[in-house]
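Shared between the two complexes below is subunit A, which has subunit B as its partner in the first and subunit C in the second.
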Partner chain A sequence: MSGTRTETFPAGIVETGLGTVTREIPASEPPPWPPNAELTWIGRPVPRLNGRAKVTGATRYTVDVRLPGMLYACFLRSPLPSAELRRLDTAAAAALAGVRAILPLAQPGDRLRYAGQPVVAVAGVSPRAAAEALAAIDAEFRPLPFVVDMDEARAPDAPAVHDAASAPQGHPSGFPAAPGLPLEGNVRGPAVVRRGDPAQGLAAAAVVVEGEYRTQVHTHACLEPHAVVADWRAEGLTVYISTQFTAGVRQELATAFGLPLSRVRVVVDGMGGGFGSKSQLGVYGRVAVQLSRAAGAPVRLAFDRQEEQTDAGNRPGTFQRLSLGATQDGTLTALAIESFGTAGVAVGAGIGFFAERLYSCANFETRQHDVFVNAGPGCAMRGPGNTPGAFALEQAIDTLSERLQLDPLALRDRIDPSAVRREERRIGAERIGWSRRHPPGADDGPVKRGIGVAQSLWMSNVQTNVACEVRILRDGSVEALSSVQDIGTGIGTIMAQVVAEVLGLRPADVTIRIGDTEFPPGGPSYGSRTTASITPPLRTAATRALAQLTREAARMLNAAPDEIEACGGRLQVRADPSRFLAFRDAAALLRTDRVSAVESRLDDYAGFRRRMPDAAMAHEDLGGVQFAAVAVDTETGAIRVERVVAVHDCGRPMNKLLLESQVEGGVLMGVSYALLERRIMDRRTGLMVNADLEHYKLAGIHDTPEIETVILENLQGNSATDAYGIAEPANIATAPAIANAVYNAIGVRLTALPMTPDAVLAALGRSGRS
Partner chain B sequence: MNRFAYATPATLAEAAANTELVSEAMVTLAEGAVLKAGGIDLLDLLKSELLAPSLVVSLRALPGLDAITQDPAGNLVIGAMATLAAVADHPLVRAAYPALAEAIAGSASPELRNVATLGGNLLQRPHCWYFRSPAYHCLRKGGGHCFAIRGESQYHAIFDNQACAIVHPSTPATVLVALGAEVELHDAEGAARRLALEDFFIGPADDLQRENALRPREVLTAIHLPGRAPGSRMAHRRQGEKAGFDWPLADVAVVLTLDPDGTCGKASVVLGAAAPVPRRARSAEQVLQGRRIDAAVAADAARAALHGATPLSRNDYKLALFETLVRRAILAAAG
Partner chain C sequence: MTETTTAGASAEAARGPTAGPGTTTITMTVNATTRHLELEPRTTLAEALRDALDLTGTKLACDRGACAACTVWLNGRPVCSCMMLAIDADGQAVTTIEGLAQGEALHPVQEAFIEHDALQCGFCTPGMVMSSAALLERNPQPDAEAVRDALAGHYCRCGTYPHVVAAVLAAAERK
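Showing the complex of A and B:
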């Protein structure tokens, strides 16, 4: 267990030529894996093991949890975008027969800052009893001036959403806390990132491109709503919750209620979507526990669709002004961005680190501001910051390439230092038919076709506070355990592949136990980090559990333990496979009913660039390039995305099928973001008018383009599995690729999302092309 | 949703005889009984508490109400309980009224079309977000104000929108009006009447709180389509934001009769999602009548169709959109 050894790992892009890298690794680590082609299960398109249960309805989601004596909770919410709570009398509600607990969340005199803000929570013996209790609450709201439009909120005389005391702290980009940023009216910031001298860089440029871009507020629209069942008992608290982070919610609960971690259990089975909005306990989770404690019974709290759309988080909207300078050969001399974004009453509406890191540019500055409006709080959503950031920058780069009369790919070859993305551009260009790309408006007739490209940038995140257990039982059955949750990506299947690979079994032979904090701590399923965090310690744990079995088998086979290999359901002597024990027979030799090993996540072998208490960022260049082919009807304004080619990398690909599924999901979410989705606020009343899935439009099967996914095998020798994530990169490049394709089709740039027929017709009208 | 009783009568008289019976779409009698056809819109209305009936009367068990038949004169009779899927797939519909089949096939989703009925589709209430939201006591619900006119009007009317800016939500209705369909209505005493569908729908000027002429205790039982005239041609064009399962932003049906020499005899041009009722574009029809239809005539007619439009602050894009769809539908029908 102590000391280190030196190992040589395969490294590089397998498809284009593999080299090696030598690493000093802890002696306890398993040996390097070869490329996937030489492995049995890793990288294979293994269908998700819980797929059948999902499509047959057998999977238990949090909304399906029913406990004996369970109560039903719901919220009285503020009907107004800005109000003072004048009176609150719950006595009549409390006197109703079916009511078991009432919890005020605001007091008379308190200010309420968005329509839908929780005011009182009630728990009753049935949904109807809870609804009747809400109706019996006597609450009076005094309307106050409000503002829901970001541009109006920036005006000096706009109604103030927050004061200094109520304004939340945090960085506009959402990650590090940034206390002390100035607050003026509703505008907080700027948070400034600067290197070099952008003004000088612009002055020295041969070509300057300036542009303004807008992105809309985009809601997570999880098909499974936010839901929790809290069960407070003297012996401990159990919380069933639709969450992206069981272990994190357990920690939040322990802190909030002063409980030892040992008395808090958090459970999730099926998850119907999170996309960043189910990362924390949330007000609703805490309230359910409080109600359960007060009522002495389990309490279920599940949002309806209106609550999902107004108080379950959203991707903030942005306004971005870019100035880009370049020399005639395309070298960037300056990149300056000023952004204003709104996360409603919350912070975190910045543009991420996309522009800061994607391209080489010595003179760089972002000035990012949060603008408060009277609307529900935003939160992280699939590629937070970088997704709206990419929409602006990748169009500006496209504009620059046109001004320089350079091919957009050639310009990127010059300014993008990533060798991986260079290869991704090459592959994608070939697949989309880039050589057949023609100038804007070249088609006859009203329907114009175009091709566009955009790039993705995300972090290779790793959670270090992660452990896994592998158990081998005496009947030959195998379990892998972690509190990690499957938010729909299929992490359980990947875990089964890893264990099967090590033990020489099939994935279906491995029982996966996850989504329960009774098991070793899994990390969060956000930030595209689950696979990267959990598979290395899982492989190591499986290797150590196997070693215990190998010892017994070696004795029986008269061989040394290091002569034994696990393969094809057997433990066999490597040099003479005719000497073997079936895995099950070897397990029968165990002295105890089960053996197990628990391992935790080590640092990446090459180290981490930045650390947080429980997490690290291995690299900041997780890639991905997407190409879109569109058809634009210039007489109706309708955009049809016909094809998307998505070329991505995520270290060692663990499961081809699940990766394609995630990329397709990311692309589809990107198409929906590009063309359809937007929160529509009525400016005169301050309410969201499309808080549903009827007029809040999600892309469906008819809107789905043909999606071709290519996943590179990009080995780096960084961990026992060398795997990284893909969820967020898959979403970041889609909208700007479509926007660039639209420009290539019609010669008019759509600078605001979503690109609806209305917006396309208006842009064509402004340009005089319609 | 309130508590209600549920009945499944076996005869029309029994269904119609319930006191205060209102159709699926009539919400003004909030305490009364309500008819359920497919129940699609009804469920939405119950959930949003725009309807709080004491009794829901299902028409499911009534025999023959879903039949699609041809009468001896060649007219097609579509029972009000025929599902949208059954209408769109019916050989007689596909052969004689392809634009109707196409319009229906482009409406809603396969799941909804399998359950939703043609009668219920014609009687559904407006989908204006102000009307549907309990937060807005709008003019159509007895309030004093239309919130759309100066509010978020992107999906609203560009004609006849001075008082209330709803659009009629039915896409099949656009085609049915163009085809000259009639509705058959029965009351509890067994009396029947027929009404041109065009006259069945009523705008805000006639009644701000109802969208059709259905009376209390009256049931819509059938839709009658006149047999296809010789030389008649038809087309339907729609554009939504989504490519499927979405409301149209604009929706156009054109039915023409062309003489053997190519001259347009009768012309019917109807705009859906443009006004509180399916709107006959009579000025466009006049442009077409007596002319040989070519691209220039179609463009003239399309411009005429938008004559007098009064777009709101968020929906002037509909002018260009309708103009395109009218022109394309005319050319598709004529071609």
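Showing the complex of A and C:
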């Protein structure tokens, strides 16, 4: 299996002109796939195979797991935004009949840093027994000064949220924040990225645009809450958890509890949404295991909605100050951004690499700061960093185009080096009717309409620690196995398409076994990397499993193995398809009950641009362009997003239907972010005011625009499937596209999220346009 | 909007105010089977279905009437099962997502949801399906706006709304 060979791959955008690229690939890799039009299943809108289980209520989510003797756990949480735990007495609670375990998470004297921080965990025989135990705990909290507003927290005399010892340190990868940055008061940073000389670039500019932008704290609001059922037994630990990464949680558990990996199993079947917030084991996961070990019984711990809104992660809020310089023809001479963001008591509130990478600009600097406040920890959320970053930069670019009297698309044609996005802009402009775009405020009457555009930028990520197995059984049935989890993207269906394509079967013929660490390690479902990571080794494994069957069939058909092809449920002689065996008849020739092949993810054929432990980045140019058409009622201030055209690329598209779902999901989360959602902290009490789904507004069906999705087939010859992700790119461009459309409608720029009716009216009032 | 019913006012009057705090017997017809349950009066209908009957297809996302994930039918009308007590369903007929299909044959709304990919994580899906199927009972030929009105109380964080509208319209064609 060693050595390499040279292959020629189709490369380029299939819709506009396909070329080729020649790659030296490992000899064990399958031959290049042609464009999707010449394939049977890849790219097709195959309905998801677990759809039936989901529409009948049969799917078991973590919150639905019931084990014999299972206990119910919950947390006593800090009622105050900043407090010292003065007294903690759990004796009365422990004496209650239904209580099985109590686990203090803080000691008297400890400082608590946000309202909702866990203090004690209890496990009881029923949810009510656990709740009654909480009521019986005697805890006294001494209030301490606090700050929940980011601007107030930046003041030199603001109460300090952390000291040097308690401040989170960041991660060597730089994500979500780099380690070793200075901490002054509540401000940590700056993390600086610099090239050239921005000051000189600004001085040399013909036009300078300056702007300040704000984005709000946004909660993930997964409909299935964070939930875990831990079952500690002498023979090993089994954890059912609503997670985006079964294999990662298994590793965390093994490390935390000193267990061999072979004794830890992590399982998830239905998974009710994560969006970045269910990537790790978390405090709740660890606590459930500790309680299970202490009580000698399975323990279920599931957040209620208030816990979900306050202590399950959030997208950090930001304040960004931009300076952008350009020559008269639009060439960027400087881009400088200073940002302050808050992830509550955590770090990672930066603005990503959006500005750093999207446009050509020789003189560039970002100075990114984290600001601590007394609020629940933020974490990654769908396009972390780049999403708030895009809101600021794409509006600044829009402003620049106006100042230069250049069309926003023409300006981007000049400064955006990506040929793919250029094509996406062309297609999107046509679909949205860009040529009919008129100057701001041109409509008669109180309702003004406008069109805006914004771009997306994300990484083509790959998990390298990924493997999968394909089995062919002697009755002709087929299984594909991996610990990868389906968080709603339909990865199992995509896997079935890949295997069916190779074996000449139908996707429904393939049994998919996923979401269980008993199977080969699947990657995480975050960073838009699942499909890119798992489909190449899956195709290779299916090819190798098939080879074992082909050997048997070839003997029977008096042909050489390489003369045999699998298609239409048969193994047949390529040159003479009348000589064939049905797939199941070929399988019946196997000497053993099953044959199988396990393959792991190889490097991309063109290599990676950056490597991390277990993961890599192929390139930073996974994009997309979105156009929004809005109507703004200048009397009520209400913005209605009427249409969105989303033009995206993700390498080889694997399933048009599922991709459309994900793009629509990204757009809708963007609409919701742009117009509705906001975590509201009460400055006086330090509590979250809208920790529910009633006052925390999500986009509903009436807020939904007409969404047109266009997915390009952008082949690159990078792997056995050439597929990349889409979930995050689909979210990043939406809010700035809407903001630019609002400007085009009313001629007033809204620089803060969410763009609520009162903000629209206030902006109109300030501008004298209302 | 999903109709939220605080049903059972008459049943309450008939029973009198004496139930609880201990368990009391509640009899419901659930998915066409009569069930006798011993429940504390404070038990919600959602808890009774999920915990006592293990009908976990009914989902709880907010437990406060804000998301409609928990929608079931009470006497054929959609209700938020987190917002009513099981005792108020005493003597009445409840249909859950598990009871919508006729044996192996899916309800047309269920089939259309699969075909149109009107689900992603699927957590909001049982509630969406129950409201959509109830709409088609009331109004067999709804237009898109009627579908949106019927589902206005449902939250979907994954953003399936466009596909949901397409699916319900397709199911109406098929029925």
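A few comments on the model shown:
By our rule, the second predicted complex is superposed on the first by the 764 of 770 C-alpha atoms of A that agree within 3 Å, B and C clash if a C-alpha of one lies under 4 Å from a C-alpha of the other, contacts with A are read in each partner's own complex, and residues count from 1 in each chain.
What we mean here is this: a residue touches a chain if its C-beta (ideal position, glycine included) is under 8 Å from a C-beta of that chain, and two chains touch if they have at least 3 such contacts.
What you are looking at is a predicted structure, and each value in this text was computed from that prediction instead of being measured.
Contact with subunit B, but none with subunit C, is seen for A:Leu687 once the two complexes are overlaid on the shared chain.
Contacts of A:Ile726 after superposition: neither subunit B nor subunit C is touched. By the touch criterion stated above, A:Ile472 is placed in contact with neither subunit B nor subunit C. Within the superposed three-chain model, A:Ala58 lies in touch with subunit C and out of touch with subunit B [touch as defined at top]. Greater residue coverage of subunit A by touch, when subunit B is weighed against subunit C, goes to C. Shared-chain residue A:Ile701: touches subunit B and subunit C both. After overlaying the two complexes on the shared chain, residue contacts for A:Ile337 are found with neither subunit B nor subunit C.
Overlaid on A, the two complexes show subunit B and subunit C touching the same residues of subunit A, namely 694, 699-702. Within the complex formed with subunit A, the subunit B residues making contact are 109, 127, 129-130, 133, 135-136, 147, 150-152, 154-155, 239, 241-247, 249, 317, 320-321, 324-325, 328. Interface of subunit A with subunit B (complex): residues 79, 635-638, 640, 675-676, 680, 682-685, 687, 689-690, 694-695, 697, 699-703, 756-758, 761-762, 765, 770. Subunit C makes touch with subunit A in their complex at residues 50, 54-67, 69, 96-98, 100-101, 106, 110, 113-115, 117, 119-126, 129, 148, 151-165. By the touch criterion stated above, subunit A contacts subunit C in their complex at residues 45, 47-48, 50-52, 54-61, 63-64, 66, 220-225, 270-273, 275, 304-305, 487-490, 657-658, 660-662, 664-669, 692-694, 698-702, 704, 706-707.
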